[in-house]
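Labels run A, B, C and D following the written order; every chain starts at residue 1.
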Amino acid sequence: MMVVAVSAAAALAVERFPPPDFTDHQLPQTTTPHGRWLGWEYFDMAALAAGLVLASYFALGRRSRKGLVGLATVAMVWLGFWRQGCVCAIGAIQNVSLAVFDPSYTVPLTVIAFFALPLLVTLFFGRTFCAAVCPLGAVQELTLVRPVRVPGWVDQSLGLVPFIYLGAAVLFAATGAGFIICQYDPYVGFFRLSGNAAMITFGICLLVIGLFIGRPYCRYLCPLGAIFGLFSRVSGRHVRIPPDECIQCRLCEDACPYGAIRPPTVPQTPAERARGRRRLGWMLALAPVLVVVGTGLGYTLATPLSLVHREVRLAERMKLEEAGKVEGTIDASDAFRNTGRPARELYTEAIALRERFAFLGGLLGGWVGLVIGMKLVHLSIRRKRDEYSPDPAWCVSCGRCFEYCPSEQQTLIQELPTLEKSGV
Amino acid sequence: MIGIAVVLAVAIGAVAVSRVPRSGDAGSGLPQRFDYDLKTHKTIDPALILYRQAGELPLDLSASRAVAVGPEDRIYVAGDQKILVFDREGTRRSEIALESEPRCLAVGGAGNKEPGRIYVGMRDHVEVYGPDGTRQAVWERLGEKAVLTSIAVADSADEHDIFAADAGHRVVHRYDPSGKRLAEIGRRNREQKIRGFIIPSPYFDLAVTADGLLRVVNPGMHRIEAYTFDGHFEEPLVWGKASLEIEGFCGCCNPANMAAMPGGGYVTAEKGIPRVKIYGADGNFVGVVAGPDVLAPTATITEETREDHKLEVVDVAADSRGRILVLDPAARKVRIFVARNPQMETKS
Amino acid sequence: MASSSDKLDRRQFVGNGVRIAGAIGLGGFVGFLAGRRGSADDTVWQIDPNKCIACGNCATYCVLDESAAKCVHSYPMCGYCELCTGYFEPDPNDLNSGAENQLCPTGAIVRKFVEEPYHEYSIDEALCIGCAKCVKGCNAFGNGSLYMQVRHDRCLNCNECAIAVACPSQAFVRVPASNPYLLKHKGTGA
Amino acid sequence: MTDTTASTSEATAPQVQSLYRIARAVIAVAGVFVVLATILMLWDFSRRQAKDPLESPKYLALKAQLAKDPRNEQLKAEIRELDLLLRRQYFRQRQFTQIGTWLLLGGAVVFVVAAKTAAALRWRPPMPQPQPVPLDHDATLGRRGRWAVVGLALVLSAAVLVLAASCQTELPQTLEASGKTEISAVNQAAAAIPGKSGASTPETPPSGAADYPTEDEMAKAWPRFRGPGGLGISTLADPPTKWNGISDEGVVWKTAVPLPGNNSPIVWGNRVFLSGATEEKREVYCFDTGTGELVWQKEVPGTPQSTAKLPELSEDTGFAAPTVATDGRRAYAIFANGDVAAFDFAGKLAWSRSLGIPKNSYGHAASLSVYQNLLIVPFDQGGTKDGLSKLLALDAATGKTAWEAKRQVPNSWTTPIVIDNQGRKQIVTAADPWVIAYGPADGKEIWRAKCLRQDVGPSPAFGGGTVFVANEFPCLSAIRADGQGDVTDTHVLWEGEDGLPDTSSPLATAEYVFLLASYGTLTCYDAKEGKILWEQEFDATFTSSPSLAGARLYLIGKEGKCWVVEPGREAGKIVAESELGEECVTSPAFQPGRMYLRGKEHLFCIGSK
């Protein structure tokens, strides 16, 4: 765990040798410039709440793509470039996990707000947070130039990666091994205009991909998106493509760059239905098997997973140095030796940690197995759809499809005079 | 075209992600000019090492402060809240409990009026104990600022005064055996060409040499100064220079400790790069007793930040047989060194 | 028709139930988190000087091009030495401020004569890049009055500090934001 | 509607065309700029990595030259000039990066805007082709999707196997459990002393390789809450019976204790230890047994976490309710905020650590005890479901956790006792609902019994091979201590329901069990059968636990009234009644001829002068 033992108070006991007697010279004070005013946090929270309300209003009430784009730009500038990527709803998952498992960790209020408010809104209105409040989403939304359609099967399979990422992030955060979502945040270097070279390169690559493939991070990586997808499925008032009734004109079929629009279903023959039911039965039976297999596989990952933890890495390094399998020492092993702590203690701790990671690796593997199993089940269930509608798990409420819909155009034209009058 | 771009970006991105540093194990990557390297100065030419360790006395002290030699070469170690007494063979003889933490001590030698009388320097005062360990006197307190770091006793037939080095006031106090403070020595004085003691840290040692002079370390100037007991500065007898080289004193302020050798000459102990060296009576470098390889086996310890910034500084003493006693607080022991070449003992 | 609208109603009812349960669950979780954090101060990153080994990682691992961790000086601990091992090269040619004698590669330490024989050393923060070379020099021989601190006017307070990840001695700790420095001379009465 | 779109696009077609051309041109220019700038920046970055100006070989060469020729003034001037140049270059490079980044960002924005404009201008309205037969989109997606998911699963499994196989580890599976533990250099030195020095002085206890007190030493002292083992029994004392804290009759000395604390005194040799704390600080005190002088008073360092907020507690408990423990080497203290510290007898802080602020509704109150080289820390907290409760054993010398036993119990306020049942050592704990015995060496559970309920305050007692636990609810239980596993149904000998205590712990001998209820009733049970032998009322409320010294019971009332009772089979005979003169909620410590008692403000040493 990340229990920090600061011996600041222990310094009290140290007796200091007096500085020289100067005839007339005042000792300067060490300056302690303060950081950001803490009150800004409340501003951030208020801004978040306002952003969520506005985004939901633009997506569901006004059905205004322009409003969403404008809001996304503001979010990108405010949360991205101004606040430099921290605080972030995606990263908040880790703080929350750490807070659950380590009572000594103080989770900031802003983090709680950034974790809970978007989830709450998603539960009722779908992923409007993704549409226009998340700075990462905004960057991708605004840099999508030439959308290329990705085959549905790619979405279905790669769409599982966020769940795996989520499991790993929670695992590492809860064990105090690190915040991997933050370490591998591709856009934060872009917001700060600095960062380490590898991450900047990764960011550039994702931006380039994002020119053609809509929201690559949101769709194939974002762990929060995975949770949002689940929440959004039950959202009561999700974005609809036609404002009222679908006339099945098929104009919106290709409108979505994120592959979220599902066409109406066609009726099946009884034979097909029977086959489908049998298949579903098989998939349901397969799911527990996958969980067991996943658990087993995850269990074998104890060593690689535990190596993410600094304590284990250090113990491993010390052992290598002891065995003479590596040349020289590193700062961390030197620092450890200088503390005078017996190495055995470190090894005991590291072995205990590894055992813990074996257990947690099993859990992670089981989770991945469960996710895959559920996906297979999900892909085998047929739901009836009468009109073109967005898949709530995939739809980020970006509002692109609105203008494709002739019904929408109709309403717009009807509303035009009133709008002009009201000066919009 | 787009496909190629995407695939390329995915590939580069994957490589980039795999290269993200997950720990600082690779080091800071700063150029060589940013290294602070004392390695070359820590290795000592083996030919210069004239002593070898012949034994050691383990100490059950969590903080040991000073070592001294008394009559019959008894060894006295002060630390925690006690003084441990060993005989010349290293057998523990007795233990004197103290009421506060000692900083330094000196023992009346065989030539003294009261041989075996123990003078213990606490932070701000001196306490006197009889050879049997009974407390005989507590001398006046020297005030808030005082930090006593060393005591020496004059052993000649007609002089029995006691000198205490006060690092806080940056001066040496002279006492008579009854504890009366007679004078202060070494205060800055332009006429007498006394620059004053420059003491940046609480290491300030002195010794009485056989020639009847008081030798005081001026650590900030990296030299050993000579004073008569009356406080007259003997400028020509000053010796010592600042250098990382083996014949000089390293760092900002050294030597930290010093003792007079029986046949004339000095043994000095430095902090920073812990090394114990022998100098002749006129300050010429003779050789090395022990270096960092013995006294700081954890190679990097000295350059790195330490808890509370407590430097483990060694103290030294020499007995009548020319053995050198090195108090190694980090290892919690007194190391006993003897000359490799028996001729050395008489020569130096 | 009636049955289908019934079905719809039932669906809506179940949906509402799920949503309200979700909201209550989320609220409970937030309550738990808020209860756990209590009224504690938010935290910021700081270097525990007692653990810092002055490795230099602060200079290069910070997400900022110019690190937020810099050297600070605790004046009451300083010996005001003429030969400062935090300012001068290990074996200086001469005790003056010539570039050939200076330890700091960016020349960020200012040496000022106070009075015979004392000199005061201070850090020019605009030039300091946080390499901690002087910290090593000061610790090796001196009083340890030069040490590293995160400067909060620069620090972005990242969720997970990149230097903390790279710190070999786990010297980076979260401290209360209301008291964001771990100064060495604090409370010593020196 | 289609008409309007068509007409507008036609009308503005030339305009659109030219706009599109401009956008194309801008894309080309911005694109080239961005690509070039990116390449330039990356190149600059790699150059900076590889060849920092400060790394200049020329500079290093000049310095080396100066080292050989230290008096060469011209060389010095050259170095200074070059140094200035290099530093300028260094900072210029940084600036270059910064400006470059902004330019790059600007270029990227222009590129994206232009590209989006161009894309918008080129946008063709969708023209869905007629579908003769509606496609079964879902079936296709389902089929391909399933295969893709299976593919992903296979790739993942392969990756896992490769990762697991390629990851080498040097760490053994377990550390061989050998007696010859690596001890650090420091310990080695300390351990080597007796052999070298031969003689040991009376002040330092003889220390072998394992540095902990013998059982005899522990039995002679009063090393923890309720004395040796925590049983509340002193066998060797001829304690005083009569005193008066106001007139100082029978009081050897009394000394004011600086900070408040509801903990009891402990004694080792000529030292008495107490702790005290307020919201701001936590301290440990050492008194001289002879004079009562406060020998030292040390503050326990906190951590930012342990002092960030105040622990939840009630006034009856306070910030320093747990009693200090000692092993003759160090004194150990724990406080309501979970800070633990060890001081040696000279008052030097040996170690300190924070266990985290316990979740405890009345404030942490369970006391410490020492078993051999282990410091036993009961740390029950929160509710049963929180899973936070545990029993810790810390290495007494370093404070490192030696073992830890998780406990499925909520917060409790009892102090475990360390008992020896026919050679088998056990730590017996009491909480709601389990009474659990652990092996002291490894923390392995030995037996458990379900006997208690609600907020458990009284600590267990032990006598005649039987453990006694009681709480105000539901009962007093006698449990044979030789069980294994869950012994609720097999080893509970009897239960008693009268005179149950709220905070005072029971006192047990082989023959009797005494309960002291907070409302003033002393109840004597037969230890074997559980029959009530007699009851006696006292006009006082009791928080302090009863003690047995010699053959007499000592009862300390909360208001300061004290009774000495000689128990018998038929009744208890009041031998003496005394007045302490101040409130007292703690339990006394006994030493030959002496009794130490902490009142609200003073530490009393009672005995003949």
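We adopt the following convention: a contact is a pair of C-beta atoms (placed from the backbone, for glycine too) under 8 Å apart; a residue touches a chain by one contact, two chains touch by 3 or more.
Owing to the predicted nature of the structure, the values given are computational and were not obtained by experimental measurement.
Taking each chain's centre as the mean of its C-alpha atoms, the one that lies farthest from the centre of chain C is B. Interface comparison, A-B against B-C: more C-beta pairs in contact at B-C. Our note on geometry: chain A versus chain B, Cα centroid distance of 58 Å, whole angstroms.
Between the CA-based centres of chain B and chain C the separation comes to 35 Å, rounded to the whole angstrom.
If you average the Cα atoms of chain B and of chain D, the two centres end up 40 Å apart. In this assembly, the C-alpha centroid of chain A lies 32 Å from the C-alpha centroid of chain D. Within chain A, the positions touching two or more other chains are listed as 4, 6-8, 10-14, 17-18, 20, 103, 106, 146, 178, 183, 194, 196, 201, 310, 330-332, 334-335, 338.
In chain C, the residues touching two or more other chains are 40-41, 50, 53, 55, 57, 61, 65, 77-80, 91, 105, 143, 165, 168, 173-175, 184.
Residues of chain D found to touch two or more other chains are 49, 54, 98, 185-186, 304, 308.
On the side of chain B, the complex with chain C involves touching residues 21-25, 27-31, 33-38, 41, 195-196, 198-201, 220-222, 242-245, 250-254, 271-273, 300, 302-309. Across the complex, chain C is touched by residues 4, 6-8, 10-12, 14-20, 22-23, 25, 27-36, 38, 41, 84, 86-88, 91, 94-96, 99-100, 103, 105-110, 112, 116, 119-120, 123-124, 178-179, 182-183, 188-189, 192, 194-196, 231, 234-236, 310, 330-332, 334-336, 338 of chain A.
The touching residues of chain D, when paired with chain C in their complex, are 54, 63, 66-67, 70, 76, 79-80, 83-84, 87, 90-91, 94, 97-98, 304, 308-309.
Looking at the complex, you find that chain D touches chain B at residues 49, 52, 54-55, 59-60, 185-186, 189-190, 192-193, 196-199, 201, 203-204, 207, 344, 346, 348, 350.
On the chain C side of its complex with chain B, the touching residues are 49-57, 59-61, 77-85, 90-91, 103, 105, 116-117, 131, 133, 135-137, 139-144, 147, 163, 165-168, 184.
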